[in-house]
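Read through the structures below before going on.
First chain A sits with chain B, and in the next complex the same chain sits with chain C.
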Partner chain A sequence: MTATATSTDRAARDHSAGRSRPPRQIFGRRVVRNRLLVGLVRHATLIAVLTIVLYPLLWMVGASLRPGNEAFGTLNFLTSNPTLENYREGWNFGQLNFSRFFLNSLAVTTLCVIGNVVACSMAAYSFARLNFPFKRIMFALMLGTMLLPYHVTMVPQYVLFNELAWINTILPLTVPKFLATDAFFIFLMVQFIRTLPRDLDDAALLDGCGHVGIFFRVVIPLSLPALGTTALFTFINTWNDFLGPLLYLNRPELWTVTLGLNGFLDATGESAFGPLFAMATLSLAPVVGFFLVAQKLLVEGIATTGLK
Partner chain B sequence: MTSTPRPRRLAAMIAAGTCAALLAACTGGTSVGENPSGANSGETVDGTGPVEGSVRLAYWGSGPRIERTQAVADLFLEEHPEVTVEHENADFAPYWERLNVQASSGNMPCLTQTQGRQLNDYTTRGALLPLQPMIDSGAIDVSDIPEDVLDTGRGLDGELYMIPYGAAYDAVVINETLAEEAGVGLPEEGYTWEEFGDYLREAQEGLPEDVKAANLGGGLPNYFIAYVQGTGQDLFDGNQIGFDEQVLVDYWNFWEELRADGVTTTPQQSSEEPDQTEQRYVAQGRVMVDNLPGNALTPAQTTLDGLAPGQQLTSVAAPWGEAGQGNALFTSGFSIPANCDNAATAAAFIDFWINNDVAGQAFASDNGAATNSRHLDQQLEDPELPDEKQHELGLYQEIVEREPVSIVYPPGYQANFEDTFTRHWDSVAFGEASVEEAAHAFYEEVNAALAAESTE
Partner chain C sequence: MATLSTPAATAPEPASHRPAAPGRSRSLNRRTREAIAGYGFLAPWIAGMVLLTLGPMAYSLYLSFTDYDLMSSPNWIGLGNYERMAADPRLASSVLVTLKYVAVSVPGVLAFSLGVAMILNKGMRFLPFYRAAFYLPSLIGTSVAIAVLWRQVFGGDGIVNAALGTLGISGQSWIGDPDSALWTLVVLNVWTFGSTMVIFLAGLRQIPTDLYEAASVDGAGPIRRFLSVTVPLLTPLIFFNLLLTTVNAFQAFTPAYVVSGGTGGPLDSTLFYTLYLYLRGFANLEMGYASAMAWALVVVLAVFTAALFASSRYWVHYGDER
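Then we have the complex of A and B:
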């Protein structure tokens, strides 16, 4: 009661003084002082939502610990007879070891990440900082390539790589990354570099740096968030890429993890679901690890690009 | 830093651009699609020649299938040590995606595994070699393969493009244990669709609450193919549908009546059902009868053993129609593409695969029953053959003895027919269209799509 009386007095006072006051709160202003309770409720809600969202993953981990023929028997992720047999069976994939697939994936992914980061940052610098004839047209063309669906260029690319005799090597998957073909990341970094003040460039120019010097000494150190974002998304996309390796890596020794996982499925016969889930769980580990490491850079990168 | 004057830079760039364009036009290089085997120039490739060099072998499957294929390839390499075989494998769906890209660029493997249903997508584009010259020259011996089975490898023009090595069929899988508890047992040989409906209704009365007698089958293309075969009409006439609309209307009415009587799963349940054998309701003991590929009996039984130990699955032929049995054969085999540069080795490999007895034992009918009848007899006499496999092969023999009609699928079958069929059935099952409307719409859509495919 006292609170209402005070608030109306205050309202009248504010109104006569010409000040605008914040709208009246419906639920009153009593704050829960018990921080332990607040903390508990918050965490409980978050954990509940997280469990619902991540339940498919939990189920998959649970299925990997169940014997193969019980994989689809239940929606529960706990089981009465857990077994590690799936992991052992999946790792010894026929004549090859699954470690071979992990190594292949790692090699392809590392090269792609390096290629994208190096090439896209250089292309972005030239679009953001340099002036050259036809710059606008080329920028528009570059953005235009993002509109092309992958399947339009898939066959001509295959024909090209076939002529170059690059089938059954990792070259078709990695060399394009060194040629800055990913327009999305170029655009991301162009926007980021545009936010950097030109005064730093001028200062470096006065100190005797050419474009190369400005690029390496000023722009790159400041663009680490954008580079981190590029690296992370390239890693995720390349690690999960299925169609590229399917077309170009035909020999089982060259398979990546995605092809290896597909090798457990057999639509026309008996699939090995237990080992499939086991290896799928393992293949999540590098992606999750990379994300945790690059997390801080990622948030900064997304938050500060393209908003100016 | 002084920059060069603009006009001079512009001129330099234009000059560089024109030079590049001229160079690209001038250089020859190998054009894509050139056929080193000479098939383009009119010579027939008859598969004779030295067996040497390297061939690429492409097939679908995983795990056990890969092991068996490699076993056969190794046996071939023992006989021909100067040959190398490179394996390319993937799961069924990605296999075709990759093959399509390879076919567009003239880079198909010399030993390409194909199926009757997709064969004509490649034959109408001239991507495959006709194999009759190889049979005539003696490079491939098909004397042990029944005529009806060999005909499944023919294209629209009647030429043989694929040598089938494994014949699969779709069977009606019945949970024998549940059927006995319901008091109906198994349907008798020669049962018609009408008798099938009565059988299911009788079974439903004796089954527990949560188990349905049949899975809703209106949206299963292979079930429907069995129905059409039974009426004696053709599934396809050239590149258009060959059966009357009334056949489809009757088929869908059959399932709608069963659904109304509560004998089948609901449309919601059947549309949620995943495609994998291990996740089908019949493998989990939730329905008594369903239509599955013949070789799915083994994985289905394995799954059922884990979920409902003691229950036994068995398979019977599809219901008979007025014109005879409903079962059709779905064969897989090898084709040799026109761009193959080592047709002699490829032909020798195919001949080895089909005719060599040790190879037949090693592969053991993993991709459908062996088309070579001598191999089939040998396998049936093997005492170590698992029961389900024994049953599967025995049923295949019975089907072949009744001379099944072979279906020639037009190009575009895989992309158009099956999805359209399921989609229009769903519109009936969920009450959005009447059976006649949906059948008519299906007819128009499929005929238009197939006609468009062939004019490309």
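Then we have the complex of A and C:
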């Protein structure tokens, strides 16, 4: 029994599928049938789990397309006559103006992505490639802040930004990114830059390139996958961020999409499900869209590095 | 330079300091230049570290010994905030809620993600599709949109009750019941298992197949192979995932805030520690008290991390010590 199961497992791996195993060919037919059965059971399990996991999302998209007179407390996510009415109604709902919220989110997110990519790559290059006094201490300090909870600096940062009269501006959300406060991305890029061959640096140095030249001409062009990962995760984290805008943006004209959605919920409670889910769906669309695009980019990235 | 030093080496007397001096100053120069470049590239990070991390941490430690309220200047009250914390029943309940949440959802995430990763590791077709589909929830799990959705999914006439209704069970509002509200947030956290799963999957693919074959030859069944081959070889990743999932679970905020409408209700059943800290600091403007709470959280997380690292030598196996 055990032997059959293992041979199935092994045969299922593409690299070992071609090898011949004389003793087991006696059970050839049974193995094939078992392999089919086991494969089917696995796919069925995965699809069942996947359905449960993704069902709420499907349901939400369905609910956003449902006409207002249809009941919402139903398991079915399909509707007989889908409509975009909820989207039109939700986009400008009372005082809430989602074109404003999307523009605000876009501005904050763009600045944060630029800040993180620039500042974290600079710090990472310094840590990975250059030697200077107190480097080890500073590197340890950087690692230490990776696990530091945001809440310990939340109150004093608020006090600081309040003193600077930055409340109700996007500066408290964006300026920290230009000061490389996301240690995780520095670490990610340090790890990446360390894998780049040092010969390239030395060659550039011999050609008269300074450290700035090496950074721009050697390290940055070769680190595009790590920069892309940083940009993508910064985008998603900033777009989803709720606590930061909640602390610093109190006026509705400054709200980001997340605050807008929360304001929608506060204003309507359970009364306007259709428009609420329409806006919730829209708020997730950029993240899901970027994720789908990046999936392809990631695969291409692996393919190109594999070719080299 | 090179042409100068070659004849200098053959003539001993005048050469002894001449080529050495420019050589040394050049290398010193290079080292200085490298240090300047190093600090130059690090300048934004250093400014951020001092102004936005270390400075604020020191200031928040100071504030935790004061009664600061943002309006009037802080007065030193010694251990007053910490004494009030010890006697604060809402704080005790928020600690309990947070511990329950961490203790149930972290093992849930780990077990679920390892289980799915093990199924996916069996050379499945459509692997990239499955991996991407399972990963998606972890990208959006902390967003307001999903919290809004969760209110409906587990609400009085939500889809969970609709599903139970087809089985003939009539459920209550899971969000509105203090006995079940926290569990809806636990389910939400487990729902975002995808990122942990991707890490486990990468680890599982590194395990050499011949180890399983050797174990089978020795008569080990599937359970034995899982416990004696898979788990030991995955311990570095289990360690990593356990650390990250726990630290993140302690800091969860948005789902509890949105699902409970910013109150931590019903009856404080979803009042996470971070939510209570926020309410104290920014709804009541008790910034001193909030700072003391933040430092208590830092100490707890530091102790947990240190304990986990200390314990790791007994249960985390790295491949090279075989």
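In this section, the second predicted complex is superposed on the first by the 226 of 308 C-alpha atoms of A that agree within 3 Å, B and C clash if a C-alpha of one lies under 4 Å from a C-alpha of the other, contacts with A are read in each partner's own complex, and residues count from 1 in each chain.
Keep this in mind: contacts are C-beta pairs under 8 Å (C-beta built on N, C-alpha and C of every residue); 3 or more make two chains touch, one makes a residue touch a chain.
Owing to the predicted nature of the structure, the values given are computational and were not obtained by experimental measurement.
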- Message: Under the stated touch criterion, which partner chain does A:54 make contact with: chain B (first), chain C (second), both, or neither?
- Response: second
- Task: With the two complexes superposed on chain A, say which partner A:114 touches: chain B (first), chain C (second), both, or neither.
- Result: neither
- Message: Quick one: is A:247 in contact with chain B, with chain C, with both, or with neither? Answer first, second, both or neither.
- Response: both
- Task: Scan A:210 for contacts with chain B and chain C and give back first, second, both or neither.
- Result: both
- Scan A:43 for contacts with chain B and chain C and give back first, second, both or neither. second
- Query: First (chain B), second (chain C), both or neither: which does A:163 touch?
  - Reply: first
- Determine, under the contact definition given at the top, whether A:128 touches first (chain B), second (chain C), both, or neither. neither
- First, second, both or neither for A:148, with chain B first and chain C second: second
- Message: Just to be sure I read the superposition right, which of the two partners does A:222 touch: chain B = first, chain C = second, or both, or neither?
- Response: neither
- More chain A residues touched by chain B or by chain C? C
- Message: With the touch criterion stated at the top, can you tell me which chain A residues are shared between the chain B interface and the chain C interface?
- Response: 72-73, 133, 154-155, 158-159, 162, 210, 242-243, 246-247, 259, 262, 265-266, 270, 273
- Item | chain C partner contacts - residues on chain A that touch it in the complex | 2-3, 5-6, 9-10, 12-14, 16, 42-43, 45-46, 49-50, 53-57, 59-60, 63, 72-75, 119, 122-123, 125-127, 130-133, 135, 138, 141-142, 145, 147-160, 162, 176, 178-181, 186, 210-212, 215, 236, 239-240, 242-243, 246-247, 258-259, 261-262, 265-266, 270, 273, 276-277, 280-281, 283-284, 287-288, 291, 295, 299
- Note on the structure: Per the touch rule above, chain C residues touching chain A in the complex are 31, 33-35, 37-39, 41-42, 44-49, 51-53, 55-57, 59-60, 63, 68, 70, 116, 119-120, 122-124, 128, 130, 132-134, 136-137, 139-140, 142-146, 148-153, 155, 157-159, 161-163, 166, 191, 209, 212-213, 216, 219-222, 243, 247, 250-251, 253-254, 257-258, 261, 274, 277-278, 281-282, 287, 290-291, 293-295, 297-298, 301, 305
- Message: Show me the residue ranges of chain A that touch chain B in the complex, using the header's touch definition.
- Response: 67, 69-73, 94-95, 133, 154-155, 158-159, 162-163, 167, 210, 242-243, 246-247, 250-252, 259, 262-273
- Item | Complex contact set, residues of chain B against chain A | 1, 6, 9-10, 13, 29-30, 32, 56, 60-67, 70, 86-94, 97-98, 101-102, 104-105, 107, 275-279, 284, 293, 295, 298-299, 302-303, 305-307, 366-367
